[in-house]
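This structure is in structure tokens; I'll ask about it shortly.
When the chains are written out, they are named A, B, C and D in that same order, and each has its own residue count from 1.
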Amino acid sequence: MLYFECDYNNGCHPEILKKLAETNDIYQPGYGYDCFSLSAKEKIRKTFACPDADIFFLCGGTQTNAVVISSMLRDYQGVVAAETGHIGTHESGAIEYTGHKVLPLPQHDGKIDAAELKSYVSAYYADGNYDHMVFPGMVYISFPTELGTLYSKAELQAIHAVCSEYGMPLFIDGARLGYGLMSSECDIPVEEFAELCDVFYIGGTKVGALCGEAVVFPRGNAPEHFFSMVKQHGALFAKGRVCGVQFDTLFTDDLYFNISRNAISKAESLKKILKEKEYPFFFETPTNQQFVIAENSELEKLREKVSFGFWDKYDDSHTVIRFCTSWVTSDDDLLRLEETL
Amino acid sequence: MLYFECDYNNGCHPEILKKLAETNDIYQPGYGYDCFSLSAKEKIRKTFACPDADIFFLCGGTQTNAVVISSMLRDYQGVVAAETGHIGTHESGAIEYTGHKVLPLPQHDGKIDAAELKSYVSAYYADGNYDHMVFPGMVYISFPTELGTLYSKAELQAIHAVCSEYGMPLFIDGARLGYGLMSSECDIPVEEFAELCDVFYIGGTKVGALCGEAVVFPRGNAPEHFFSMVKQHGALFAKGRVCGVQFDTLFTDDLYFNISRNAISKAESLKKILKEKEYPFFFETPTNQQFVIAENSELEKLREKVSFGFWDKYDDSHTVIRFCTSWVTSDDDLLRLEETL
Amino acid sequence: MLYFECDYNNGCHPEILKKLAETNDIYQPGYGYDCFSLSAKEKIRKTFACPDADIFFLCGGTQTNAVVISSMLRDYQGVVAAETGHIGTHESGAIEYTGHKVLPLPQHDGKIDAAELKSYVSAYYADGNYDHMVFPGMVYISFPTELGTLYSKAELQAIHAVCSEYGMPLFIDGARLGYGLMSSECDIPVEEFAELCDVFYIGGTKVGALCGEAVVFPRGNAPEHFFSMVKQHGALFAKGRVCGVQFDTLFTDDLYFNISRNAISKAESLKKILKEKEYPFFFETPTNQQFVIAENSELEKLREKVSFGFWDKYDDSHTVIRFCTSWVTSDDDLLRLEETL
Amino acid sequence: MLYFECDYNNGCHPEILKKLAETNDIYQPGYGYDCFSLSAKEKIRKTFACPDADIFFLCGGTQTNAVVISSMLRDYQGVVAAETGHIGTHESGAIEYTGHKVLPLPQHDGKIDAAELKSYVSAYYADGNYDHMVFPGMVYISFPTELGTLYSKAELQAIHAVCSEYGMPLFIDGARLGYGLMSSECDIPVEEFAELCDVFYIGGTKVGALCGEAVVFPRGNAPEHFFSMVKQHGALFAKGRVCGVQFDTLFTDDLYFNISRNAISKAESLKKILKEKEYPFFFETPTNQQFVIAENSELEKLREKVSFGFWDKYDDSHTVIRFCTSWVTSDDDLLRLEETL
């Protein structure tokens, strides 16, 4: 069996296991005050060139989105997101559960457009009844998006400018951040990323960790008592070292980005294979997710040998399917895929 | 330095690290559908003699309490708990954040009393204005309690009977369940525990795991779509195997209870030492937490050599401090403590 | 000045004032147990031919929507509504504040379509990840809609059938119910309305009352302890008589429908006038709201003599404006409007 | 039958009915922008000597408490209240429904004590785990209290000083404010009341109005977009004039305080009668509620002629009952009560 279904179906990078074992007997305080977490934070600050950043480790992505968003909004505000945004689609209403509306904006290949955002917000404030409506209090985007696409630096700057104009913090969901920043089409240097937004998170779960995400408020701008809200949401590990050790490892010797690069180079090979095999692309992306159209009649047989993701119905006889590479995908996996397809 | 501050300040049992390494390369589906989770659930069902149990793995204790309680209550209901109950004191208002009141009952050594519970609930329904008040919708207790004490089988039966009479599910927080069930004073066989309540959780974090708790609905009585509510709360690991592998290991060859027994036997030695050293007990318990009274003047010096927990002010010149053993405490730790005190 | 801006800008029907005065000195219990509320409920049960109905009086429309919807949904469910539905647009996120998502469906003249609803819900359950998404737990529609349009009996039956098939209660927001049922285009007899849904509310505020709405669960199907949830939301008048007296008056001698008919007949005259004056209709409706297109250059002058509602920008030089009649609109008002336009 | 059960079992002051009738035909904008509301606000500002006050009219007391408290707290904060405070006892968990814990403080005759408050808050911040607990974010008291007692000016000043020291706004629930300020034992001039707190509400429902409460932020210190949060909670009347006309009437020619004085002088007569009849006082108060102890054997007979409130069980053969006067209580009512007891 070949596995291309998604990027979180195996364990973690061996280096992490090694570090967990090495540090296992070291007593350390809980709740993120352990030396591994402190070290990891320092490394992240350096990597992203934001020396004043407030950094927190949370247990998972949905949790992270809910805590960040609810802690930054006032009761009367909602969060603007692409209609394909993860918070509006596949998080079981976690944002609404905190009392806030997700305000959908049209998506273009999974991305929102700065001009459309501005038009939406300015129309909002121009409406005579705007105070009977949900205020756009912040903006959520994903990098890469749920469709594997990327914002350019200019696009992010334009969105951030609109956000600043209207007092809306910009939050970037980086569940797959490494795969975005290491894409050959990404024009954003790692050390310039943090200044393009007001808060972002570095995904661990999908980029080599067992679990955990790192929230970064780049300019020391965490909401007051963010720690207590993390606890209130149940997103705080008692053994904070679980995240500390993992992120410390990932941000040592550039491991996070090295393994991200692997996913990207394997995705390039994957695209070649899919083209050779004449699968029509529904969506060809610069990151680790590729979407092609397959005949329904072939799917059954294909599934016996390869695991992939079902994305959407295309038409009555075709389906959009997703192939994912990850930090763990090997040349051998691709070779075998080529033989199998 | 000697570490007796709490039971979650080191890593995890080496057997777990070993199993994480062994299984690391095995591809498995996410969200708890991995083979390790399925196997762990089967083992837990056998251990607790509840073959029909619904079992879910969540990322932490506060999270677990919030999900279980909010999913079992209707909007107009609250949860009854001892005034020392963890949900009412040290979870940053996580229960209230889900919209529900914690209804405090007097505590006796950390425990609630069945007769007082009955009296509270019957007085509630006898009140002419009860429908302007918060309905007692379920009961939360901890086993062991936050003070390290234990309910006897008869006490649990009595509480459960009151719960059943008034249609209130009984939820047992087992953050330290192993330390309770393995106490020499516990008169509840493991295989009879599940029938004494309507839902309980088996603590992993404080009993040898890196993270994770297992919620057990013993009679297949999970609320409908509990899975989606776990997701909604952000308590669902994408890599469900993280909990699966850990609990599968803990429930293989009785590991969970073996290491719990270690904490208990070490706690017995600890009590002996504290008595020899003539520390007055504030609270002598049958589990892994012991509370003694120390002179403030000595604390500073003691802290240089031993880490312990500050519990409460006793009087102007004394403080209640807590010593904890755990699955990892060794004979050598105790020997050195004896020499140090 | 002529007033056609909306249907809640004057006081209440004089008959209500009279009854408030007559009953003022009668001592009655609070919270809806007064004799006026009981009498009003009995009259509503008769009028709508639902002898077993549970009926509650709440203070306003947004409140009513929030209480009904949150009390009928489980945590993991959302409410389906037309994208123009009041709950999704002009209630400041009141539904999300209770933790539930509003799931938007395309609107056609303000209405949802049974086939589209079915297609949406069946696609939902067909999605492999449906338990990571928000369950469609109930359906909300307005009668008349926010655009003044009406569902036919067949349309309601079709929607209700889909709702029943998927276990989703159908809730009808009747903020302007009288204006809908008394429209000459309405093919639903009053006594058949209740059986077409699972819960509806009879709007008082916009149909002659000072305040208050009557929620009707036609088949005695109110959620358990609905009263306490009304109280919890702060929607319960201590002086329940305020609503009791008003609804008792409105449902005596057919007053509610008589005054509704006035709004409808005046709306017919209004349409005639608007047509004579050659205002292009943006939306010609069978109820009390009419939408026409006006030149921006004329608006300023018009506003000096007539109050109307601004609905939307039409194009750069035109605006959609709304004219409303109500139970209080007189022939004289229309005569003067004709002279003014 | 004689009515002393509570102060909201009749209609409203006739002057209000008269004003409702007089203004009924005047067209006015909705949502509180009507001329009556504007006039009422101006009069309240003058009466309470707070020219910069932000004032809002809401539909009822529970609603008001929920909106004020939730809009002034951050997610991690709770509200401190006497254990007998209305928000913690008889509002069906309305505060918790907004996500916030009510932090109970001991009560003394229904009041909290400044020193105990300070001790509670300072102990909170001294606790090493305070950020795992619910922050005391504001303080709620009632004036008069739920037991009819009053804070002295010095007591309020002391409480307010503690509040200011710890950054906790002080909110006074004035459901019966008139009865408090007009008590002969009250040492707070009306025009000095506002400076003693950060927000208060003037109760209408229990002091002569049909419904409605006026929230006052004395120093223009309303939370940003408070209006939208009122709407979000469903506490906003579309016909804002309902409150506007009522409060404008109540604050014309000192009506609010004149009718409050009536309740107080009648309560003085009531106390005399109860003493003559040798009812032991459970609680003798300076306001309109009096609590006496009655033999259970007499209650049945008494109830046939007089309505009163059941407060609490006193012992197996006695009950605490409450007698209330109000703005509408007459000399004749008391004469007849004297004859009846």
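Heads up, the rule we're going with is that a contact is a pair of C-beta atoms (placed from the backbone, for glycine too) under 8 Å apart; a residue touches a chain by one contact, two chains touch by 3 or more.
The structure presented is a predicted model; accordingly, all values stated were derived computationally and were not measured.
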item: From chain D, the most remote chain by mean C-alpha position; value: A
item: Chain pair with more C-beta contacts, A-B versus A-C; value: A-B
item: Distance from the mean Cα position of chain B to that of chain A, given in whole angstrom; value: 33
item: Mean-CA-position distance for chain D and chain B (Å); value: 42
item: Computed distance of Cα centres, chain C from chain A, in Å; value: 42
item: Per-residue overlap in chain B, given as positions that touch at least 2 other chains; value: 75-76, 91-93, 97, 99, 131-132, 228-229, 231-232
item: Of all residues in chain A, those that touch chain B in their complex; value: 1, 3, 5-6, 8-12, 14, 17, 20-21, 23-30, 59-67, 91-94, 97, 205-206, 210-211, 228-229, 231-239, 241-242, 307
item: Contacting residues of chain D [partner chain A, same complex]; value: 70-71, 74-76, 99, 131-132, 135, 224-225, 227-229, 231-232
item: Residues of chain D that touch chain B when the two form their complex; value: 75-76, 78, 89-93, 96-102, 128-129, 131-134, 310
